[in-house]
Amino acid sequence: MLTAVYPGSFDPVTCGHLDIIERACRVFDKVIVAVLINPAKEPLFTVQERMEMLAGATRHLEKVDVESFDGLLVDFVRRRDARVILKGLRAISDFDYEFQMASINRKLDPSIETIFMMTSNDYAFLSSSAVKNLARFGGCVRGLVPGNVEAKLKNKFSTDRR
Amino acid sequence: MLTAVYPGSFDPVTCGHLDIIERACRVFDKVIVAVLINPAKEPLFTVQERMEMLAGATRHLEKVDVESFDGLLVDFVRRRDARVILKGLRAISDFDYEFQMASINRKLDPSIETIFMMTSNDYAFLSSSAVKNLARFGGCVRGLVPGNVEAKLKNKFSTDRR
Amino acid sequence: MLTAVYPGSFDPVTCGHLDIIERACRVFDKVIVAVLINPAKEPLFTVQERMEMLAGATRHLEKVDVESFDGLLVDFVRRRDARVILKGLRAISDFDYEFQMASINRKLDPSIETIFMMTSNDYAFLSSSAVKNLARFGGCVRGLVPGNVEAKLKNKFSTDRR
Amino acid sequence: MLTAVYPGSFDPVTCGHLDIIERACRVFDKVIVAVLINPAKEPLFTVQERMEMLAGATRHLEKVDVESFDGLLVDFVRRRDARVILKGLRAISDFDYEFQMASINRKLDPSIETIFMMTSNDYAFLSSSAVKNLARFGGCVRGLVPGNVEAKLKNKFSTDRR
Amino acid sequence: MLTAVYPGSFDPVTCGHLDIIERACRVFDKVIVAVLINPAKEPLFTVQERMEMLAGATRHLEKVDVESFDGLLVDFVRRRDARVILKGLRAISDFDYEFQMASINRKLDPSIETIFMMTSNDYAFLSSSAVKNLARFGGCVRGLVPGNVEAKLKNKFSTDRR
Amino acid sequence: MLTAVYPGSFDPVTCGHLDIIERACRVFDKVIVAVLINPAKEPLFTVQERMEMLAGATRHLEKVDVESFDGLLVDFVRRRDARVILKGLRAISDFDYEFQMASINRKLDPSIETIFMMTSNDYAFLSSSAVKNLARFGGCVRGLVPGNVEAKLKNKFSTDRR
């Protein structure tokens, strides 16, 4: 059984992420979406909220599990008996960062492969930060995030806004 | 009448910005320089100071108006009856960010076009942050910022310095 | 009256080109699509065929004129009393080449501005060569080129094929 | 069974290609190395020679089949009942071209996924053309191509040289 | 005597930095490794610690001096009677930033040249931040930093960790 | 004595090349400009003409020797007792190619270092091909090539033109 781990912050999950997850389900037997717990960053949504949004957005995909992890990614991948790290590539700016991570993860465990899938052109310039900025100023995020995330974003900013 | 909105932080305006504004005046009937009020960032100069420096630096350009805005850029563009967002492109690193913004703005209002002009080679690697860093350490910024900004930068750092 | 010249080989025109032309019509008063006569290259279609395909594909756009030119682009722009050269930017690989050309054209005539518009994400990775390769091997080009070009491509390769 | 098709010119296969093939064998059940027959290019080695070198270099890899194809890649992938196209990514210059191809192949058959693996840093700047240039001028290609290819390259250029 | 100044944060020095320093010793008569004192950043190691680690890692290189500086780099270079600023180039993302700095330094003092050396492929995607992230989560940094730094990193995070 | 070899086609030498040569003279004791004899390319000027134009353009620089070479660059560098290959970096598109060459040359002879200098912003987008295209269509190349080259280009194209 070929299991891929798809790691990220998913703060929140976008349609670009979902697009990669759906494609991955056509290739792998199991796809673990792994939410990184990063104490150094201040996310908009808690890990719990992010996992719930992911679970809601991937309900139609039987092969998907949503989990969280802290520490080193390769340790998590090994604990799940997976051999593949899956990353989406969008615009050129992802490239260097993703290659750096892949390079370091390869050094840490050469038996784990990082595999890249290309984000659909429709979402080529989409990111979680862009979506948050948009929602913060009352912009419409329909079509950029899954339906359940759209509602959560609206709530978050109507509550937070002075 | 073809009006272009040229948005930015302009903290402070550089000769690279001014170069774009001057070129824009040769193409458009009116150029609104729009200073973004971004509560999430801590600028060196207040919005008021930035607008005054811009007004001073563009005094010779009749087609230019200097304004400020908060919220979504496309909303501001619509309120001004403009159809064009103008951005300068410098080195490669601008490219991805600017394309992301243009892509999102197009989604928000497909009737507004983003148009790019190429910064002169002389200022290809110039940015407001580079200028501030230089001034902070007492470096000469002549030729990198308009004359009126040079004085303001000197004041700012002679006052602020320990 | 603000006239933009949109130069290229258009061998053949793609939906990406057409997308730029349509956007340009929303900004400029007149858009001259200018087919470059380049004796150094061996095109698939003659200049005459390329102009006819462009004329067919832009029939719904009143502001568009289709012309051809040889020699220096800036000379042609001046002869047409235009002030603006319009170029589409797609993926990163366009960037350097387009900046080189804009830089040289600026040197040749500083009164002419080069302006860039961003190709729609849908066509971000589309080029005339890609389309020709596809058609050569019998691939379907629907949605990549205007309808009238699709037919011409099919003819060209059914005739040319061994 | 998850089958990946790894297409290319392989004129000749390099250690960078072999590195990708070896990694792919750890992820996929079967890896078909597919030599493109491109009448438009003048290769150094014939398709037959390229396939023999690939077969020799992958003898230790049971999951690998070496084949050739002409026409559209997606047609070949479908005929082999594969769902995955595998490409190696090296330096930034690969990126745009590979994304263009992936984009077009996705349009031609959305059920086929293109997957990218990162070439080892050791071979990050290696290409078949670089290897050929090196061999042409008598440079040592040991460590850049598999052993059996080294000999073939030497023969080719000692015969060909004036 | 040709002296090169190699500036940086070195928080901490990596094998990629050391690789550049060793190459520089083959070209220049003297190499001054200059640790930037940047009050705006919060480093992991103090300037004193960073200089000690550098001194330890370059003990075998007679031509190397380790120093610290604040203020403008070109002022420091002049005070040391050097004519050359040395920078390492890794992946594409360095490029724009380094060109911006070189461009500004050239403006400040045209008699000082910035010279770039290419980081070995082995360290092409290595950075001080990547190393710190790795160490923070207990990952092995052997081969990424000099031996003396490895120990320091371990100490730092075992002390700091909650 | 520190000798740098600056290799290239120089078909013809541009002001960008000359800028690099002048900077190099401030750093190195001797600068050998090495014209590559490449039988695979069809140059506009013969090797002899290119060397003469280089000699003319560098007459004021005592440290410069102009030579030609064929075969492997590292062999030529060794025969001249040099330790340094010098290359100019312009826009991003140079980067990958230059890193590939540097990487291969390092493999062939690890004792030879490749060093990069940044082309002046004024010539950031200048290339020999751009200059030739310009001259071919009667465009003015003053300021893009040294004075002696300007005349040669004019002759070449007035003779060649039907």
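Quick notes
Chains here go by letter, A, B, C, D, E and F, matching the order in which they are written, and residues are numbered from 1 within each.
Note that a contact is a pair of C-beta atoms (placed from the backbone, for glycine too) under 8 Å apart; a residue touches a chain by one contact, two chains touch by 3 or more.
What you see is a predicted model, and the numbers here were worked out from it, not measured in a lab.
Under the contact definition, chain C and chain D share the contacting chains A, F.
Which listed pair repeats C-D comes down to matching contact pairs by residue number; over half match for D-F among D-F, B-C or E-F.
Using CA-based centroids throughout, the chain positioned farthest away from chain C is E. Chain A and chain E have Cα centroids separated by 33 Å. Touching of two or more other chains is recorded for residues 92, 95, 99, 103, 121, 124-125 of chain C.
Interfaces, counted as pairs of touching chains, are A-B, A-C, A-D, A-E, B-C, B-E, B-F, C-D, C-F, D-E, D-F, E-F.
Residues of chain E that touch chain D in their complex: 92, 121-122, 124-125. Considering their complex, residues 91-93, 124-127, 130, 134, 137-140, 143-144 of chain C touch chain D.
Against chain E, the residues of chain F that register as touching in their complex are 2, 23, 26-27, 83-84, 89, 92, 95, 99, 102-103, 106, 111, 113-118, 120-121. The residues of chain D lying in touch with chain C in their complex are 70-72, 74, 92, 95-97, 99-100, 103-104, 107-108.
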